[in-house]
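In the part that follows, the structures are each spelled out as C-alpha cells.
The following pair of complexes shares a single chain, chain A, combined with chain B in the former and chain C in the latter.
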Partner chain A sequence: MFTLCLEFKIIMPRKRRELYNKEICACSIFGAMNRDGDRFTAEGVMKAIANMHVRGNGLGGGFAAYGIYPDYRDYYALHLMFTGHDWEAKRSAKQDFDAFLCENFDVVHDEEVPHRDESTVTDPPLVWRYFVLPNKKGDEAQLSDEDYVVKKVMWVNTQIEKAFVFSSGKNMGCFKGVGYPEEIGEYFMLDRLYRAYTWTAHGRFPTNTQAWWGGAHPFSLLDISVVHNGEISSYGTNRWYLEMYGYACTLQTDTEVIAYAADLLMRRQHLPVELVAKILAPPIWNSIDRMNESERKLLTALRMVYGPLLMNGPFAIIIGQTGKMIGLTDRIRLRPLTAATRGAMFYLSSEEAAIRLISPQLDDVWTPNGGEPVVGELKNIRMVKDEVIRLS
Partner chain B sequence: MTKAYPAEARSRGQKRVQGRVCSGTAEIDAAGLETRELNDHLRDLMLAGTEKAVLKDVCGQRYIGTRLYSPEHRKMEIEIFGTPGNDLGAFLFGHKIRVHGNAQDGVGNTMDDGEIVIEGRAGDVTGFSMRGGKIFVRENVGYRTALHMKEYNEKRPVMVIGGTSQDFLGEYMAGGIVILLGLHGKPHKGNFIGNGMHGGVIYLRGSVDKTQVGGQVDISPPDEADREIIERYVSEFIERFPEIGLDKEQILNSDFVRLSPRSKRPYGKLYAY
Partner chain C sequence: MKSFVFPEFQIIRDEAKCGQCRGCERQCAFGTHRYDEAQDRLISDDYKCVGCQRCVIFCPKDAIVVKPTQSFYRPNASWSREKLEDLKRQAETGGVILTGCGNDKPFRIYWDHIVLNASQVTNPSIDPLREPMELRTFLGSKPDFMGVEVENGDVEIETKLSPNLMVETPILFSAMSYGAISYNAFRALATAACKSGTYFNTGEGGLPREMREEFGRCAIVQVASGRFGIDAEYLNCAAAVEIKVGQGAKPGIGGHLPGEKVSAEVAATRMIPVGTDAISPAPHHDIYSIEDLSMLIYALKEATNYEKPISVKIAAVHNFAAIASGIVRAGADIIAIDGLRGGTGAAPKAIRDNVGIPIELAISSLDRRLRDEGIRNRASIIAAGGIRCSADVIKAIALGADAVYIGSAALIAMGCTLCQKCYTGKCNWGICTQDPRLAGRLNTEIAATRLSNLIHAWSHEISEMLGGMGINALESLRGNHDHLRGIGLYEWELDVLGIKGAGE
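The block that comes next holds the complex of A and B.
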C-alpha cells in the first residue's frame, strides 16, 4: 500500500510552476518629503534619480506622489493600465473594466492620465485614472471601504485580462513604465502637472523577469507604495503567506509582496512601523540571544508568528504612505541607503550624490543601520486649498 | 529638465581637457560629465605630466582615479570638490586623492598604492580588498569596512578612521592595519567585527564587548610595537585633518584595544575532512 502511494505521488502530474518571479538588480531608489506638507513638483526628484542613471538599464522607472489630488482627496484614485498589442485591444480591456467599475463603484470623475506623445517611451499602455467611492452591496456591505477596495483591486488584477490597477490610494498616485525614470517622468509630465509633499522614485535593472509597464516600481495598494533595490529570495514563501490573506501577486516582480505585507501589517493589523521593520528584517538569532529578556521575548514571538513574512535577501526599500516616508534595508544592509535632512526636507537615496545635486547643503547625512527603519513624518498636514493643476 | 547625460557631453572627440592648466595644476569642471569622460580627462592630464588635478562640481561620477597607470609610473594629486561616486580610487596606482566632503560606497576598492583622504564620512565597503596604500577618513564609515583587506611582503595597507564603523568591520580581513579612533565621542556600536578575520590587525580607541567581535578574534591590550604603529598613524591622521583641533597626546592618552585573528585558517577544520 505504501509503495502504491509513493508511485501514485510520483506519477501525479505536477502543477506547472512559473519560474519568472525573480529579479536581481542594482536599481536606484530616491525619496523626498517636505515634512511641513509644502508641495513641490517632481523636477528635482527627476534630476536626482537621473543622476543615478547608471544603476538602472532603462527597463523600468516610476514615481509615487502624495498630495497630488487635493480636489479629490476623499475619493480613491484608481490608476489603470490597459495593455495589449494594438489600440483595439486596449480599448476592449478598458470596456471590460468600465463595466466592472460601474457595478462596484460610484465614479465621480475619470480621464486619461495626461502624457506627452512625442516621448521616447516604447509601447505605452493606455493609462486612465478614475476617482471613485465604493458602492458596497449585499454581503460586501460589511467590509470596510479599504478592504472592499483591496478586494476589488485583486479581482481586477486576476480576472480582467490586460487591465491592471497599479495605484489605488486617496490623494496619491503612482506613475510608472518601461524606460529610464527621467523618461517616465517626462512622459507623464510630472515636473509640470503635479505637486506632492512626498515623491518616491525608482530606476530599474531587471534581470530575472521581463520588463513590462506593470512590473516597474513603485508597487502600490491603497495609499502604500514601495520602491525597492535588491532581490527578495523569500518571494515564494512570502507570496504563499499573503495569498492566505487574499493578496494575489500578479505583477511578476518580487517587490509586490512588500507592498501587500505592508498593507497587511500596517493597515489591517495596526502594527507600528518599528515592529513591521522587525518582521520584514528581523535581527539574526545570535543578536536576539544577546538582548534583554523583554526584547528577546518580543523578537522571538515576532519571528515565530511572522516567519513567512521575513524578507530574505538583499534589499533597500522606501515605503510611502499618507503623511509618512519610511526607509529600510535588510538586516545586514546588503543594499545602500543614505538618509539626509535639510530644514523641513527629508531625503532617502541609494547614493548621497543624488541628494547633494538638488540640495547641496544638508543638515545631517547618515546611512541607517540594517533593519532599522528611518521614518519621516508630516509635522502637520496642511489643508491645501489650491486648485488641481490641469493641462492648459 | 536637466539630464545627467546631456547630448553635448555624450559626443566623443571634443576637446578632451576642459578647463585651465597652469604650472602643473589643471582644473576640470565635472558638472554634467559622465564617469568615463571624467576619467578620460584625468588620464589625459596624467599622460600630459600634470601634477595636480582639481575636480569641481563632482556629483556621483564613479571610479575616479582608476585607470591611471603609466609605464613610467607617473603620479598625480587629485583634489575633489563635491560628492564622488562609488569606487573612488579603485585600483589606485600610487596617486593621492583628497575629497572635500563625503564619499560614497567602495572607496579604495582593491587599491594598490597611494593615499585617499576623505574630509567627511565614507560609505560601505571602504577599503574593500585593499592591498596597499593608505586611507584616512575624518568621520565615520559604513558597513563592511576593510572587507578582505590583505597584505603581502612590504605591501601593507593602512586605514585610519576618525569616528567609528557600522557592522562587519574587517570581515574576512587577511592583512593590513585598521585604526578606529572613536573621536565621535560615543562607544563603538558595530557588531560582527572581524568575522572570518584571518590576518592583519584592528586597533580600536575605547573599548569593545566580546559579543561585538567575531569568534575567531582575540581582544588584547596593545604592546609596545603596537603602540608605535598607532602613534605613527595617529600623527599622520592629525597632520591631514588639522581642523579637528586635537593633538597627538590627546588621542593617544586613551586606552586602545588590539583585535587580531586567532588563526590564519579559521575555516580549516570546517572544510577539511
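The block that comes next holds the complex of A and C.
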C-alpha cells in the first residue's frame, strides 16, 4: 500500500552526519472557524494574534486559511517560496522550479502572491502560487493524486535549492514569513483579499538560529496545516518513523513532523481524529490498564503500533483540515490551550483574552484536558459559496 | 614439564588477623589455600589463585588481600605480559587457550564517548517521582498501519497484530544455559525476570520441566545448533522462541559443554545421556542459507501456532546489518545482536578477543539499515554484549535498540567477579558450575533479590535520565539520536553512530 518509501530515496541537503537542526520555540496560536461555512476575512484573527504579541519575538508569523480559492477549488494550490540574496537568485530558483512543474503538473493559473511593498518585513522571498493538476506518467500513474503531490512536494523541498513548497492543498493556503504575525498578515493583505471559513494563526518565539521564512508556521502538506506551540522532544524518533513512509523533514523545525504524522494517519491510513489524538498524545499506561477490555485492547494496540509517533514534550497545536479544526495538547498538558464557541464560531487560542477581544460574548469557554482533542467540524459541507474574489 | 609462567596474583595474608578458621581453604575450589597442621597456619599457593576474591570477601577476619602480582617481565609494548604468557602456556600444552566472560581488551568503549541531553527552559524536565514515567516496551513485529472499522463510535481493529512481548523495563536477561550455569543461578534469573516484569533467556540448554509452569511465561526459550532439550512443550510453555545463530563472544564457532558438567539433571533437561559432551556445531546443520533460516522460523511459528514472537540472535560482525535485514524479511519478529564484548562460559581466547564489532556501532548501523529499507517496524532490536549500567541501556535505546539483554551484568549482581575461569567448572561463587557443593553456595532467593534490585535500580535511573530530557515515555527516545552527542570520536565514528559531536 505504501510504496512511497521504496521508490523515493530521501537525500538530505546537508552534511552526512548532521541529521537535522531542530529549532525550539515558544509561541502563540489562534484559530477561528465558522461551522456554518460562512467565510470571513483575517481582520479579527490578526487582531487576536496581535493581542498575544509578547508570546512571539517577531521572528515568525503565519496563517492558514481554508476556503479562500473557490474559483480554483478543484486544483492543488501550490504556494512557493523562492529565496536568494538578490532578485536574480530568486528568479533563477523560480526558473528551476517552473521547469520541474511543467514536467509534472498541468498548470491552470499562476501568479505572484500579492503583497504590500511598503511593508515592514525584512528580506522577503519571492512568493508565488500555482493552481495545478497532477500530470502523472509512467510508473507514477498508479499513485493517487494526493500521494503524487506529496512525492513531488518532497522532491522539490529536498532537491531544488532555494525553492520551498509551503502550501499544497486544495482551496486553502498558508501565508507565512519572518516578522510578527500581524505584520505578515498585513504584508499579504489577508484582511482585505481573502475570506475563509477557518483561519489559524501563529506568532513565533524561536530560541535559536536565525529565522527564515520557510521556518515560520503553519506547516502544511496537502490540506493539513499545523500551528504549534512547544517543543517536540521526541522529534528524532518521530522523524525516522515518518521518513520510512517517504516524508522528508526539511524545514528545520519540529512542527513539520506533526503535519506529516497527521497526513500519514488521517489521509493515508484513514484513522478517525479521535484515534489520531490517542496516537499523538496517548493516555498513560496506568490509565489504560484500568480501562474496560475493549478500550484497553485498542489503546494498547495503538501505542504498540504507533509508539514512534507519540509526540513527547510540551505542545499545544491547532490542526487545520478541509472542514475541520482540531486542538490538542500534550498528554501532561505543558502548554496552554483554551477553546470557546459563540454561535457558529469556534475558537482555539493560547489565551482566552485573545478570543474575548474579538468576541466578548461567548456561549462556552473551556480548557481541554491534556491529550483530549477538541474538534470543530463544518455542519454541512457547503464550504464554497459562489463568490469571486478579485485577486489583484 | 616445569611451567615458565609465574602466578597472576599474589595472596597476602595478615597473620596477626588470621584466626586459622580454614574458611578460605573451604571457599577455594582451586585449592589455593591449605592448612598446615604442624605450623598451625594457612599457606597459600599463588599459582592456583584465579583472582575471584571469594576468600577475601568471606574471610571473617578480613585477613586476606589478593592483588596482581608484582613480578613482571621486562616491559615491552609489543610483547605484553599476556601475549608472553599465552604463548608459554601453548608451548607447554600445545592447546587452544580457553577463557570465559567477555572481551577484556581495550577496544574503544563507545558508551563512554557518548553523552546525553537534558532539558533547559523551553521544555520542562519531568520529575519521575511525581509524574508518570513509562518504560513499557513491546518487542515484536508491528504492522505498517492499523486498519480500524468505526461503527456507532465503537472502534474495531481490523489489522491482525503479531504477537509481541511486553516488558515493563527494557532490560532482559541474556541467554545463559542450564549446564553452563548452575541450577540455582538459572532459577534466580527466572525468578527475578518474573518478578520484574521482564524475561530471561534459557540459552540452549533447555528448560527443566518443573520450571515450565511457573516460569514459562517469562522465558524466552532458545533453539540452538545442538537442539538440546527441545520438544513441543518446551516451545509452547515459553513467551517467545529464539533461534541462536551466533554469540558475540565467539562468532562463527559453536559450543562445547564438557561431559563432567552433564549431571543427571542437566542430561534430562538437555535430553542427552549423562556424562556425554554436549556439542553445539558451529552452524545449524539445517541452516546453510537465509531461506533455510526462514524455514526454521516458520517451522517454529507453526509449532507455536503463530502465538509467539520468534527472535533470531546473531553476533555483530562486519556485514551483519545486511544479514539482519534479510532475517527480518525471512520472518523474524525480533533481532538480537550480540556485540564484541558479549560474555561466554567458554570460548577460545583468540576468537573472543578478535572477532566481531562493538555493539554501539552495530545498533546504529542495524537501526539505520532497517529504517532505510522501511522495515524497522517489522522487527524489534535487542542489543547485547557489554551493557554495564543504566546509562549504557538508555544510550543503546537512543541509538536505536528496543531493549537490551544483560548477561555479565546479571552474573555480577549474583556475585561474579569476572575472573574468566567459567570454563573450569570450579566457580567459587556457585554460578558457573555443576559441582553440588559449589552450586549450593548460591542462594536462589538472595540471588533473585539481588537481580530484581538491579533491574529496579537501573529502571529508576533510566526514568531519571528520561525525565531530565523532558520525555515521559521510552518509545519517544528510541532511535532519537538528537539526544546523544559524541566526545573524542573520529568523524567516521560519529557517522556510523549517526550522532553529532558535543557542542555541535
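Here are some notes:
Following the convention adopted for this analysis, the second predicted complex is superposed on the first by the 360 of 392 C-alpha atoms of A that agree within 3 Å, B and C clash if a C-alpha of one lies under 4 Å from a C-alpha of the other, contacts with A are read in each partner's own complex, and residues count from 1 in each chain.
Here, a residue touches a chain if its C-beta (ideal position, glycine included) is under 8 Å from a C-beta of that chain, and two chains touch if they have at least 3 such contacts.
Since the model is a prediction, treat every value here as computed from it, not as a measurement.
Following the overlay on chain A, a side-by-side fit with no clash is recorded for the pair chain B and chain C. By the touch criterion defined above, A:Gly313 reaches chain C but does not reach chain B.
Contacts of A:Pro272 after superposition: chain C is touched, whereas chain B is not reached.
Judged by the touch definition given at the top, the superposed model places A:Ile332 against both chain B and chain C. When the two complexes are overlaid on their common chain A, residue A:Arg73 makes contact with neither chain B nor chain C. In the superposition on chain A, contact is made by A:Glu231 with chain C only, not with chain B. Of the two partner chains, neither chain B nor chain C is touched by A:Arg296. When the two structures are aligned on the shared chain, A:Met52 is found in touch with chain B, with no touch to chain C. In the superposed model, A:Lys151 lies in contact with neither chain B nor chain C. Measured by the number of chain A residues touched, the leading partner among chain B and chain C is C. After superposing the two complexes on chain A, the shortest C-alpha to C-alpha distance between chain B and chain C comes to 5 Å.
Residues 332 of chain A lie at the contact with chain B in one complex and at the contact with chain C in the other.
By the touch rule above, chain C contacts chain A in their complex via residues 119, 121-124, 126, 131-132, 134, 136, 138, 142-148, 150, 154-155, 157, 161, 164, 371, 374, 376-377, 469-473, 475-483, 491, 494-495, 498-500, 504. On chain B, the positions that touch chain A within their shared complex are 1-5, 35, 58-60, 62, 82-86, 102, 104-105, 121, 123-124, 142-143, 166-168, 191, 211. If you check the complex, the residues on chain A that touch chain C are 1-2, 5-6, 16-20, 22, 24-26, 207, 230-231, 233-237, 240-241, 243-245, 268-272, 275, 284-286, 294, 297-298, 301-308, 310-314, 331-332, 334.
Those residues of chain A whose C-beta lies close enough to touch chain B in the complex are 43, 46-47, 50-54, 182, 185-186, 191, 287, 290, 332-333, 336, 338, 351-354, 356-357, 365, 367, 369-370.
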